[in-house]
Every structure is written in C-alpha cells, then in structure tokens.
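Given below, in the form of structure tokens, are the structures.
Here chain A shows up in two complexes: once beside chain B, once beside chain C.
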Partner chain A sequence: MKKSYTKGAKISNSKGSRKTILNFLKGLLKKGSLDAVLIPMRVPAGDSYAWVLIKDKKLLDDANPIAPIMPVQGANALSSCTKKGKGNLKIAALMRPCEIRAAIELSKLNQVNLESVTLISYDCPGALPMSDYLQDPGEGEKVFDSLLKKRDRDVESVKPVCGICDNFSILPASDLHFGLSADSRDNILLIPNSKKGTGLLNKMDIKPSEDISSWAKNIEELKKVQEKKRKERFEYVKDMVEGFDSLVKTFSACVGCHNCESVCPVCYCRQCYFESETAKPDIESILLKTKNRGSISLPADRIMFHVGRMVHMSLSCVSCGLCTDACPVSIPVAELFSYVGDRTQQTFEYRSGEEKGEPIPMKTYRKEETKGINELVKGAEG
Partner chain B sequence: MSKEFMPKIISFLCKWCTYSGADLAGTNRMKYPPSILPLRVMCSSRVNPVFLIKSFLHGADGVLIGGCHPGDCHYQSGNYYTRRRFAILTTIFDSLGLESERLKLSWISAAEGTKFVRVSTEFNEKIKSMGENPAKKKIFL
Partner chain C sequence: MESKKTSSKIGVYICECGPNIADNIDIDTIIARLPSLEEYQNKELVVKRYKLLCSNEGKEFLENEIRENEFTHLVVAACSPRDHDTTFINVCKKTQLNPYLYKMVNIREQCAWIIPDKEKATEKAIRYIRAATSRVLKQSELIEKQLDIDPGVLVIGGGISGIETALSLAGKERKVYLVEKSSELGGKMNMFKELLPRQNGNRDIIEKKIEEVKKNESITIFLETELESAVGFLGNFEISLKNIKNNQPGAEFTVGAIVAATGFRLTDTGKLAQYKYSKESEVYTSLEIENMIKRDGKIVLKSGKEPESVGLIHCVGREEKGYCSQICCNYMLKFISFLQQQSDSIKIKDFYRDMCLPHKEDQGFFEEVKNKGADFIRISDVKIKGTHVEYTPIGKDKKEVDVDMVILAPAMEPEKGTEELAELFNVPLSETNFFQEEHQQLNPVETSIEGIFIVGACHGPAGISESMLQAQAASGKISTRLIPGKKIVPEVKVSEIMEDFCMGCRTCMDICSYGAITFDGELSVCVVNEAICRGCGNCAGSCPSGAIRAKHFTSAQIYQEIIEAIR
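Entry: the complex of A and B
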C-alpha cells in the first residue's frame, strides 16, 4: 500500500499564491534540484495561454502557474516532450489535477514518461470557459483572480465540468501539492506526497512538520458538496441523452469536425479508426442508406463517432472539459463523456488517473471477472 | 396481407469455435433462423466495439458475437478481452438509453451445434418481439 503523507509545511502567502508558487520553483531551479519547469505562460497576444518549459529562472517571472483557462491540456504538453523517453533533464510539471490524471493515463499508454518528471498539483478552483475568456480576457483575469481568493468553490463562472468536479485536490499520483485552501489565506500548505516530493522539500530545507488535517477536512467537505452536485447534474444529463431520440437531438448539431477528439488528452490510439480511410463511407453505402431511409444527413456517422469514442476513451476520461471548449457548436460533450465515463469506470471498478501502475481495464483481463462485469455478460453462458 | 417482420442479425462468429459450431449445425441439417447473417472472424476479440455500434446504427436489428468458452480461446486470451469490451459497450448503451438487449455475446464451442441453433433461435425470437431497430428510420445519425 502507498504510504500516506499527513504532514505539510506552511509557507507564507503574503505575495499571493501565484508568486509564492513561482518563488518556490525558482528556488528549486537555483539549487539545481530541477532542470526545467513546465508551466503555463500568457501568449504575446495576451488572449490565451501556452505551455512553456522554462530552464532560465528569470523567465519564470513571466509565467502564470495558475492560468484561468486551459487551452491545451498539460498532459498533451508533457507527452509532446517525454513520449520518446525520459531524457536527462529533471522536469517539474505544475498542472491541474485533471491534467495530472490525464498524464497518468497517458503514461499507461507509453505516451508520457514520468521517470524524470515531478508532478506538482494544487487545489484547483476550476477553469473558465474559453469562449467567455476570449470575449474579454481582462475581465476573465479579474473573475478568475476573485475565484482564487475564495475558500469555497464558486461554480457560476467556471466550465460546467469544473462546476461538478469532485477530484480537484491532491491525487495519489501527485508528488507535491500546494494546498491553497488552507485555514487562512495567509498561508499555503506545501504537502509532499511521494519520495520525489519529500526529496525536493529536503533540498529546499523545508520541513513538513505541520499537521494538515484541518485542510484535509475542508477538502473532504468540499468534495462531498461537489459529489452531490455531480450526481444532480448527471440526472439532468441522463435526461438529455437517454433514448434514441434524445441522443439524436443532442448530437444533431454536430458538424463532424473531430475537434473534441483532437484536443482530448486521453484519446490516444496509434491509428485512429475514425481518422482512417476505412471509416470514410463509399458512395454505394451512402446511396443504399439513402434508399433505405429516404434521406441521410452528411457527413454520415457522426453519432457513431461519438459513441465509438466513448468506447475507446471513456474509461480514461478525466473530465477536463477541453472537448466542450473546442466544440464549435456548443454541444456539452464534456458532460456527456464524464457521465458515461463515470458509469464505465464504475463497471470496471477503476478510476482514471488514480494509480500509476494500474493498467487501463481494456488492456488487461481477469479469468474470473467481477460481479459487475459478469452481470453484463450473463447471457453469454446460456 | 402484411409480411412478417424478419429481423437482420449480424453475427460475428469466431472461426475456431462458434463458426465451426454453426457449420456443425449445418452438416447435421439442423435448422436455424435465416435472419442470422454470419461473418467469420479469426477471433471474437477481432471485433472492435465500433463494428457493433456501426451495425446497430446502420440498422441491424440485432448483433451477435460468438466466441470460444472462457479458457478455450485458440489464441489463449482473446475472449477474455471480448468479454470486457462487451461489458463496456453494454454499459454505454445502457447509459445512453439505447437497447442493449439487441447485442448478444455467447460462448459456443465447435461441438455445440445444438447450442448455436438454440441461441440463435432464442435471440431471433427476442428481436422479433422487440420489433424493428429504431435506428433504421433515423436521418440525423
């Protein structure tokens, strides 16, 4: 069993949580405990954020450790630099919990190598919807700053999936965690959660001696509230998709752009069926369908794409909400996928991105399956 | 006189077990419903869940996967994966309120010609009672 860490270090938050985090990272770069930091930075145009890998500690001043939006999933950024091996740089990646979970899922698919990477998480207040932020980036920054200062979770202005997120804090996979919702806003809790994390704190001469139970209790309470919200929201989502007609209605606006697929961090296959030539219908099959149904909408097979994608990736879905951000016709893709993902993950008693070594259920099997699975295939024996 | 509803049941049958079982039924002159449209695959784990979704959305009234009994797979472990894939697909169909009863997985060995006849007849009757696949008439798919 994984050793649980129950102590943390309190660091002063007098300069604001962002500055505090940056100063800590700078210290690590200075001591040479880290070679580079993967962190979001505002793009020169000022209306979005990008991931940058920073080696020069002076450049860290321009970074924003807690970006208000999530244009690119951190796991994708991490994958783009570690998929071909670990290299000899010690990297720290400061990411949202859902990004870390996606990175764990990708590491199971050999698309991220975590060996030389330290994963640093923080209590995430959620992210703003891209469309809202793009309308007025200045206003977006202000809204998000006020969210950061709140102790409770404000679900009004964040993305719908962030509003129902129940996994926004420390993860079994995080090496180091910034507890932002500590007792008072004057302090930030720095919680080591693995040998890597403890090592980094030692290098900085920070002793994790404070008790973190009051912070943990607060998080537990928030989680309970969020779980309830999630459940309620899913009742609504269920009505939205349940039954053939509702499903067709929900996805009927789909333009078949496959944006949701290309931004999804965990939707990874070496060769995607839906991008292959096989998936593109020939004229004969289209004409046959037109004959049988009287008419057919084109491009064909859009619902097949979504349901097929649910089969392929819902077990790994981390509810990051990038798909909704990327959808040009505002289909609530993320909520639908989270809803289905929760159900499939329950079937396999699996939680995406929780345990580093645990294989994705589709890549493994048991000779004697669990009751839940047996129940679903019970007709097979008869 | 209205014609009786004759379903179309796409059947993915594993070469080593169920397809041979169906063959056995044939050589023994046993009768199974003509609504079964067999497709031979090398292993039931060859069946990508997308095949089932495609069959279903394109209007197949039922989809049957036949494989070797657990432990008997010609490739050691193929059918164990099939079982998991089938479980995830039915979970998704249930979550979306699609009729997961139209999908069936069955373990039929090469010696079980009678079982193949029984399973296909029963499945055919069930699909008949369920009626046509609603996907057949949908335009916005």
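Entry: the complex of A and C
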C-alpha cells in the first residue's frame, strides 16, 4: 500500500465548486506546471458533453469540470491520446473516480500511459441517466446543480449504478483530490495524494496544512450507507444473473447491438471476439444445438456474448454505468456487471483500478485461487 | 458460396494391445456402432482392429492402410500417447498423411484398465473415439521447418566449470568463446593449493587445464569481459560482449548455445550478528584459509606463529539462506587434516550442526581425522566474540571456550551479477537466488530457455567434482543437439498472434517463460518468435483479447473434442 496523505488545503467555495476547480487549473496552466487539461465541455448543441484537451486557459471558462452526464468514459479519452506513449505534454485529467479507475486498469494493459498525466478526482455525486438528461437538458442541469450542493448523496435522480456506488471519493491512484463534501459548503478541501499532486500544490504556493479527518469521516459514513444500499440491491440483482435460466430471462430483450461493449472503457479489444468470424457458429453446431434443445433463437450465442464479456472484463469492471446508458432496451447491464465484477474481484482478492501497477489477475497465479473457485462451484451447486 | 469441401476419409484403427484392450473392451461393438452413428453417416469412415499396432508388422500394416485408403485423417485408439504417440507420428511421416491430421486415443489406461464393467468400458471408449474423430477433422496440417544452426558455444565464466565445458566442446567444427570478467582464468580454484587430500590433487590440475585452454585454437578467450546482450534461440544466438575495463563494446558473434558457469561467492559474514568480528581478530573464512595455505604453505596467526588451538564453525548462514552448501564439511575436514599434519599437539574443536558427507570417500576421511584427536561437537547454537566461542551442544547447557583461531564456513551464494544475467537471458532464478534448472532431477543442466545451460556453482552449491560432472553433462547435451552441418527442427505446435485482434497490451509477454514474444511498436501488436516458442499455450490462455491461438490446440479443436465426449 502506498503512503496515505492526511493533510489538505482549504479553499473558499464562494464561487461554487466548478468555478473553484477551474480557477485552480487555470493557475496551473498559467504557471506552466501543466501544458493541457483533459476536461468535459458541453457540446454547442447543449444536449451533451464531450472530452476536450485544453491548452489555452481562456477556453477553460467554457469547460464544465463536473458534468451531469457521462456520455464518453474519461479513460477512453485518456487512452486515445496517451496510448502511443507519454509524449512531452504534462496533462491533468479531471475525472470521476470510476473514470480514474478505468484509466488505471487500461494503464495495466498498456492502453493508457500515465507517466506525464496527473489524475485529479473529486467527491462524485453520481451522474444522471443519459435518457433522463436528453429529455430536458435544461432541467437536467438544474437537477444536477442541486445534487452538487447537497452534502449527502441523493440517489433518486442519479444512474442506478451511481446510487449504489461505494467508491465515489479519493482513490489510491488520485494525484490530487477535491473534497467537495467538506465540513461546510463554504470550503473545498484540496488534498494532495502523491508526489505529483504535492508538486503541483507547491507550484501554486498552496500549503496543505489543514487536517482532513472530519471530511474523511464524513466520506466513510457516506460509504457505509452506500455499501448497505449496494448489498441490498445486489440481493435482488443476484437472482437476475445466477443460473442459466435467469440469464436467459434477463437478457431476453437484448437486440445484440453490442453498444454495451463499444462504450465500455475496459472492453479495449481491437475487435470483440464475439463479433469476429471465429465466434460465428457453423451450421453443423447450430443443428446439433437445435437437435439437443428442440429449437434455438437466432442469431445464436446472444447470452454467450454477455457471459463472455463477464468472463473477459468483469475483473476490470469499474461500475461506471455507461453500458446501461447505451442499452436501447433498458437492460440494467451495469448493475449486473457490477455484481458479477464484485464477485470475481473478491475471488482474486483484486479491486479494479485501486493500485497503479498491480498486476491483473491474468498475470498472476496463486494456489489459493483455485480454492475460491471450488467454493464458487460448491456455492453454485448448493 | 464456398464450394463443397474436399471429402474427408477417416481411418480409425483400434489396437487390441494383446489381451490388454481386447479382453476388457468389446472392439467388435465399436466397429459395428461407430459407422452407424448419425454424425458419420455422410462421411467415409474405415474402422478396423489389429493385434498389436506398435509391433513392426503393425506399423507396416498401418502404413499400407493409410496409403491404400488414401486417408485424409487418422485416429489410433490404443495405449497412452506417452507410450506410442511418436511411433504413429513416424508411421504417418512415411506416408502422404500429415502427422498433425492424426490423433491418438488412450483406451487402455483410461478405459480398459480402469473400468471393470466391459460394457461401460466399451461405451467410454466409443465416446473417446468419437471425440478424437471429431477433433481430428478440425485439425490442420502443420509443416515442420528445418533451420541451420551455428554449432559454436559461448561459455560465461572462466572457473573450473567454464574451463571444463570449453575443453569438452571445442573442436575442429565447433568454436568456443570463453568469457571471464577477471583478468585471469581459474576462478575460485586460483585460491587453492590442494584439492581434497583423498582426491590426490593439487593445483597442477587446474594449471594444466588453463594451459590446454590457452593452446586450443578453437577456444577464444575474452578476459575482463562480460556479456552485453544475447538474443536468439537454440542454434542461433546473436552475442555482443562488453569490455569491462574501458566500458567499450566488445566482440560480436553467433553461437548455437550458451553455458552460464558464473560460480559462487561466500556470503558476507558481517551481515550475520552472531559472527561479527574485527579485521584484527584471528577469525578467517574458508577461502581466506585456502589462500593462506597457498601463499604461506601453512595455517598461521597474524603474528606468524602457528595456532595451538583452532575452532571451526560450520553452517555459517545456512539458516538465513535456507539451504546446505554441501561442500563445507568436506573442506573443513581438509583444514583439520592439514592442521594435524602441521602440529601433533594441535587442539581442534569442530562445531557442526549436521555433518554433510555425501561422497563415498568422505566417511573414511572423517573417521581418520576424528581418530587423530579432533573434537567434533554437535551444536544447536553458536556465537563468537573474536576467538571467544560461545556454543550450546545439543541437549546440553551453554558453554564457552577460547581458541587461538576461528575458521568459518560461510554459505555459498550466487556470484555477483547472477541476477542481471538471469534477467538478460530471461531465465528464472530459484528461491535461493541460484539459477533455476528446467527440472531438478530430470533435466538439471538446462534452463527454461532452450539452448541456455547452467553448470557449476551458479546453479547451486557444488564442489569441483559436481562442477565437472555438470560441465560434461551440458557438453554432452550440446554436442548431441548442435551437430555441425545438421539442421534442427523447431516446435511447430507454437502460438500465433492474430494481429487484427491484438491490442498490444503485452500481457502475453509477461506470461511467456521463454521470452518468445516481442512487441512491434509500429503496429502496436505482439509477435511470436516461432523458433523460441515451445507451445505451452499460456499466452493463449492469458490473452484478454483472445488474439492468440495455440496451433494444434485451438479453441475450435478443444471445443469439438469436449462436445463429443459429453454428448
């Protein structure tokens, strides 16, 4: 485990948390401590957000550091600009904790290079479901503004997977963190969490001298509430994915569009195996299945696609919920994957996106791992 | 639309294996049932039985059958593939049939021998044969390649192991490059005057060998040189050397095999609290004593006087290291014998934990030394303050004694730089930090990288005789593997990476124990070097994108086999 940082700097929140964050970033650009900032910006049409890499600090005024929705995962944006190497730009990426965790997963798979990137996180209130926001973006902005002002988490209007998120604050991988749920809404805590983060604060002459324990305590309490909600919800989700019959029922509406896969930040394959010719069954095996079961639905292997994806990426799933947003038939994909991900990650004593450089379970082998699998098998049989 | 596939004709041959299979499996039932199964009704299937397919007559029969029937695929249901897979592969090779379109089924160990009920055994055999028959149809032809080889050998380390390896291998058609980091050949043996007394040897042996090496025209010696890089595979390693003195690039050449003979050093006793001593005190390590005997011809104190009492302590650092250094007990006996010859009245106290005397002469030597009056004390604990020894004999109370001189036998550990060399070779180290052999009992001088060998003490504590054995063993292996003028056939059941799927995440590179995968930065994909790959399939299993296929063990082949076995 890395060293934990226990101090932060209090900065005034009189202009609102978004403005405060932007001013801080502008300061860093001005001092030359950063070359560019990766940040969400509302699209000109006003009904969505896009990731932009901003070098000109004047343009930062148009950015929205805490967007109400997440149309594209930040880790994908970061991968698109750093995959081929670190380059000479010093970049800060302001992202939600789940986006940072996805970026950490991708860095382990050499799809993101974090060497010249500073990861900045904040206490995330969750994101609104895309479908709600699109119905009335103006109303969506208002709803989200009110969420940002609350100290507690309002789970009614956010995405279901955000409603049960218990990892919404500072991460071991954060370089800097904005503690928005500070003692009062008058202040924001700026917490350095790595040498990189401390370095940036030094450049800005900000001394992290305030004790952060009361903020940390508040976060811990919120997390406990969330953990409980998560557990309760999973009791329900469990019945949707455990056993073949449940899977068939849950995914029966699936139209096979593979949107969930194409928006997933950790589904990083060049071509999904399930979309390749290799995965297409030949007529003989279709006939064999038809013979065994009496009939099969076509195109075949729709369930196989989801189960396959669970096998492939549930260890890295960060529960960001993009898959549910992208599903045209409203299957709660994110909650299902989040549940399966929790289970597989527990089996390998692994938490996706926690530690930079921690090897993914595919690269490690421990004898005890098979024990866990045996228990799972027993559990499934019992 | 694709035109109809060329029709396949499958031969299924069932071996009776004398009574072994015939008595416990109803072969006639198999012959009657198999062609009538639904999935084979549209296929050409020939099912036959034979007494003993592995006999010369059997092989000839099978060969003729393959030719006459013009089989496209072959299944042999017989014993374990461990027994006779190669036999039938060789039969295929004599015919038009590619041996990778053949599959062996084990109906002896896995059916006949373990299932008492004949009917059930027959049912299981049918399932297995079905699984193999369906699998074989999914198999593809693989073509074996032949590669030219360089018979030359690079030997790293100019100690006794390296010297022996070089001498055993060098010849008219085989060049040997001997690399030594110090300024002279001989290694640790340069510190010795005598070998173990019972081995009747002295320094002449090593000096003669060094002379031989220097005279041998097929051996090129590089002193004060180390390995800079080694890239390649058995038969073809590209070598670059580095001059240590001026840190300049050295010679570059190609060899077919590499032998690491980098030896050992003694563990630093200063790091062990119970053996701390100042330079002024009369405490010596075993190598210091060897050096003293060579230099002065006797064991003496700093004053030049001969000691009247000597305490010898075995197993210094054994517990910390977690292994026995094997040779120390023997050389401690050598020192005692030397001291006894030096002075009749010498008082010897030998503090040992366990006496390790593995060779046939050792026990006699021990008795001899003991009978001359040396006091051997088996201890559970020992500590020194200079030449003041505090010790606890097993099952007794703590005692103490003052002696004129203390001799320590520190544990052997791998020579400095072993770790770097292992990294350069991509060869694993064992938990003890010595090189890891491919198999401790069955393949002790090879590593997981084909063509890289380990001999002598770099591979684990070893004395001179063991080092010689290993050097000669590795030389034998290399001589039979790299025959000048002959070609080698690399493994064909290798992995292949489908570029269209590979995202360049390099998970496979971390997994591969053979260093067979490299990264192509331009295409952002991983690439398998087929000459190095041994086809273990770990990369295929670990690839998150499913971009890797293990030839002859593709998902389609395995899936088909399983489906038929459980249908």
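As a convention for this text, the second predicted complex is superposed on the first by the 350 of 382 C-alpha atoms of A that agree within 3 Å, B and C clash if a C-alpha of one lies under 4 Å from a C-alpha of the other, contacts with A are read in each partner's own complex, and residues count from 1 in each chain.
Definition applied: a contact is a pair of C-beta atoms (placed from the backbone, for glycine too) under 8 Å apart; a residue touches a chain by one contact, two chains touch by 3 or more.
Since the model is a prediction, treat every value here as computed from it, not as a measurement.
In the superposed model, A:Lys84 makes contact with chain C only, not with chain B.
Contact with neither chain B nor chain C is seen for A:Ser209 once the two complexes are overlaid on the shared chain. By the touch criterion defined above, A:Leu109 reaches chain C but does not reach chain B.
A simple residue count on chain A separates chain B from chain C, and the partner touching more is B. Of the two partner chains, chain C is the only one that A:Gln271 touches; chain B does not reach it. Looking at the shared chain after the overlay, A:Met362 reaches both chain B and chain C. By the touch criterion stated above, A:Arg343 is placed in contact with chain B alone, chain C being left untouched. Once the two complexes are overlaid on chain A, the chain A residues touched by chain B in the first and by chain C in the second are 273, 312, 362. The touching residues of chain C, counted against chain A in their complex, run 500-507, 510-511, 524, 542, 544-547, 555-556, 563.
Across the complex, chain A meets chain C through its residues 83-84, 109-111, 268-271, 273, 276, 278, 285, 288, 312-313, 359-360, 362-363. Interface of chain B with chain A (complex): residues 48-50, 53-54, 57-59, 70-71, 77, 80-81, 83-92, 94-98, 104-107, 119, 134-141. Chain contact summary for the complex, chain A toward chain B: residues 238, 241-244, 246-248, 251-252, 273, 289, 292-297, 300-304, 307-308, 310-312, 314-315, 339-340, 343-344, 347-348, 361-362, 365-367, 369, 372-373, 376-377, 379-382.
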